[in-house]
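One chain, chain A, links the two complexes that follow: it is found with chain B in the first and with chain C in the second.
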Partner chain A sequence: MKKVVLARIDERLLHGQVVVNWLPVYDIKEIIIIDNEIAEDDFLKEITLAAAPKSARIHVFAENQIDELRDLQTEGNAIIITKNIFVIPSLLSNGISFNQLNLGGLSMIKDRKRYLDFLCLSNSEIDELKEIEDKYDVEVFAQMIPNSLKFDLNKL
Partner chain B sequence: MVNILIVTHGDFGKELKNSAKLIVGDVSNIESISYDIGDNFKSLVAEVEKKIKRMSNDSELMVFTDMYGGSPFNAVTRFMNKYDFDHVTGVNFPLFLDIALNRNAMNLDEIEKNIINDGKKSIVFVNENLGIS
Partner chain C sequence: MNITLLVIFCLIYFYASNTSFTFGIGYFSLYRPLVLGIILGIITGNYVECVTVGILLNIMFYDFASTGGSIRFDMSIIMVVAVMALEIFNCNVLQAIAIAFPFGILGTAIFKIRLKYNGKFASDMKHAFILNENKIHISVIKPQFMLLLISVLMIILINYILILFNNILSINYSFEKYVMQFFDLSGIALIANYFIYFIIKEIKYKHLIFLVTVPMIIFIPKITICLLIGIVIVCMIYDMRKMFMYHSDLKKDSKLLCKKDLLWIWTRWMNLSHASFNTENMQALALNSAMLSLYKKIYKTNSEISKRILDNYSLYNVEPNIGTVAIGYQLNIEEKIACEEYDNNKSESIKKSMMGLVSGLGDSFTQTTLLPMYLGIAICSMQLGYYVFAIASLLLLPACILMYSWNGLKFGYLYDKIGVLKYIDIIKNSLFQKFSKYLIFSCFFIMYFLASGKIIEITVSLASNGYLIIPIVLVSVIYNYLRKKKYDSIINVCLLYIVSAIAVSVCAII
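Presenting the complex of A and B:
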């Protein structure tokens, strides 16, 4: 698993906005989706894989399949997309490295607070993000699509 | 009569129905779901399932979404093996009108055969069509 140019947190995983806006800017050829619900449901997995754009391959992994992900043979730039912030440290500490973590969309549930119209975070998620930034030298920023307003973690 | 459900980003679907009313008149059994920025995806999925379940129960159902791979599309597609309905994405005004007009006289089978492919031809580059450079 090489050349991960961006990791993105988005509860909607792969959708139009991501395909149309983020893939071209980062010249993405491999889309890695890490999501237990999709990985464990054959039909969801099937329709997710079918949504691959012509320009890239899609792969689906469960959260506990980090070893398989690390061993994945890839060509070109890859993006990792997940809705679970707590998966990110496991990736970084297991040989999957990247320098940018984009917060693209999390909605209001449980004990989250709203920071931007597309982004809600709980205190434990914020703590996790701060630790990711400090410990792994990853730039954490909130931005819906490239060229829209960008917010560094400390500006939220 | 074939029921119609439109699921789109923002109010596109809601306004498609409102605009259709000007031309078709009868927009009964047509419902829409608007998905906005910041809305919870799981809630969208739940609302989509609720409407699909009800609207496909005693009638044929056509579901329109706005864009292949978008969140409305994803929410609807997940239920295609659980409930019986047709799903067309990339919906536009002419296609929507055509189906809204014919859903009394035709069933889904006939709509599939006669109308959906014609809908693809509804996007016309007028300059070329009229020979204007």
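Presenting the complex of A and C:
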């Protein structure tokens, strides 16, 4: 797989913020969605492929398909989008490297605490993100869209 | 400014920035400076200057797209304050824009307060459902009153700040002259830099469109505008025809909701999706409010309805217009849950996955395809003085949005999975998508070409009136350099004002 320019955590996955704002800024040609629910449901997978922007190719993987993802043939800059923070270390440890991890949007559920208007995280998620930053030297930051305020993980 | 005018300004700002209770089209019409400029121009009688401010601001915000509630400057408050500045200071359009622009941050602050308050309201309502499951009532009137109150207070406060500032300026003539020079310079720098930034960004890749459209607008302006409007009408008819074809070809499932029920659901969704938008669960309140009539048809007791509302109370965020297909499909699933064909977990998973996917498609279609196309034609027509074409374009945009949103709901609800896929196909392969690149950039180059003439004219007149052209160039160069550093847009604008103040001070000393 060629260059992954950004990984994003967002429970809305391929949302307007990604399509309208992030894709043009990073000139992204490949969108990689890692989500079990979409990967395992034919209808959702079909919608995902149908609704993808014309400017980029879209690929859907389940969380246990890291090997297939690593062997994926891509042509341009790629973005990885997932809802699950805990899938990131397995990507990085399996040779799928990137320098930036963007926290886009996670809502309030049990055990989570609100850090920003658009971001709620649990203690275990915070610990995982810190480990990603330290162990894999990945810049972890929260930012809705490229021209909005950027918050480093340590300043949350 | 008299009290009646102030009240009208408060109400207009509230309604324009609110974008609720407008069938979802407020964001595409009243919120835009061009439309506000026309309305405020008629009200104040200062039509030419208000429309000029509207055109210039709209060009500056031409690439603005709010996705998932992300905004930095609120263009509607800038427009309203600019018109207030015209009234209070009796200044020119550049000075009005420079005075008003920083207030855009206040508009964003109001938006954020609104999201938080709505979030608290949504949370309180959830507790009310938990505590009193026999009482089913969803209303978003309370947060609207709160927003009205904040909007009114903010406009009154800004009015008094502007009056106080004007009084301070009138004490000393040379100080007034210095400050107005500063606003002239920052106004021209603000506009010119947005212009330079966009033109440099786009002309490199779209120079062929530039080379075709600019001569066309010089030699055959009316035909060019007619051509642009003609193309969008053809695109609209093409998609409409495609939708009718699918409506007659696709098989409808037997459903609980009749057309009247669907119309009511659509009305509630389109009017409430912005009204209840919040940090807690975004549009979940609007979703439940829209689905209430279906819940009432399916479930016999209030406690069952209350349970379904709470099940559907988690975060929901979809592009409101094209996203109606997801709402329609959610209604469809809700019926299946009642027949035990689906369980709540499966429904929740489909709801969450669909909302993002449809939003990605919707935001890119409505905000970066339809809006710049129609608004671009309206701005160009207005600049050329073809008011009928401008109004036609401004009316066609909401008509288009309403057509897609109503059909989205029907496709999602009536035709099940195949309906969702066909609707996505209509949007993705819309004729608008095919022509958008050419149309948007044609409008883009026409409006910038026409506006640049005006800007050059003003700049030359400022230079001939004793202002130096050097600070204008200096501010432009420094600001463009800072902009390339990719600071936050608020910091960028602050820097522009600081550089302008330094440039004017240096000129005054020299």
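Here is the rule we use: the second predicted complex is superposed on the first by the 156 of 156 C-alpha atoms of A that agree within 3 Å, B and C clash if a C-alpha of one lies under 4 Å from a C-alpha of the other, contacts with A are read in each partner's own complex, and residues count from 1 in each chain.
We take it that a contact is a pair of C-beta atoms (placed from the backbone, for glycine too) under 8 Å apart; a residue touches a chain by one contact, two chains touch by 3 or more.
This is a predicted model, so every value here is computed, not measured.
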### Query
After superposition on the shared chain, which partner residues are touched by A:21: those of chain B (first), chain C (second), both, or neither?
second
### Task
Using the superposition described at the top, determine whether chain B or chain C touches more residues of chain A.
C
### Task
Check whether A:54 is in contact with chain B, with chain C, with both or with neither, and answer first, second, both or neither.
second
### Message
Quick check on the superposed pair: does A:98 touch chain B, chain C, both, or neither? Answer first, second, both or neither.
### Response
neither
### Query
So, A:35: does it touch chain B (first), chain C (second), both, or neither?
second
### Message
Applying the document's definition of touch, where does A:149 land relative to chain B and chain C: first, second, both, or neither?
### Response
second
### Touching both chain B and chain C, residues of chain A
11-12, 14-17, 19, 43-44, 47, 51, 53, 107-109, 117-118, 144
### Query
Which residues of chain B touch chain A in their complex?
9, 37-43, 67-71, 73-74, 77-78, 80-81
### In the complex with chain A, residue positions of chain C that touch it
65, 67-70, 72, 112, 115-116, 279-281, 314-315, 317, 319, 349-350, 352-364, 367-368, 417, 420-421, 424-425, 428, 433, 488-489
### Query
For the complex, which residues does chain A have touching chain B?
11-12, 14-17, 19, 43-44, 47, 51, 53, 107-109, 114, 117-118, 120, 144
### Task
Please give the residue numbers of chain A that touch chain C in the complex, ascending.
10-21, 35, 37-38, 41, 43-44, 46-48, 50-54, 105, 107-109, 117-118, 144-145, 147-150
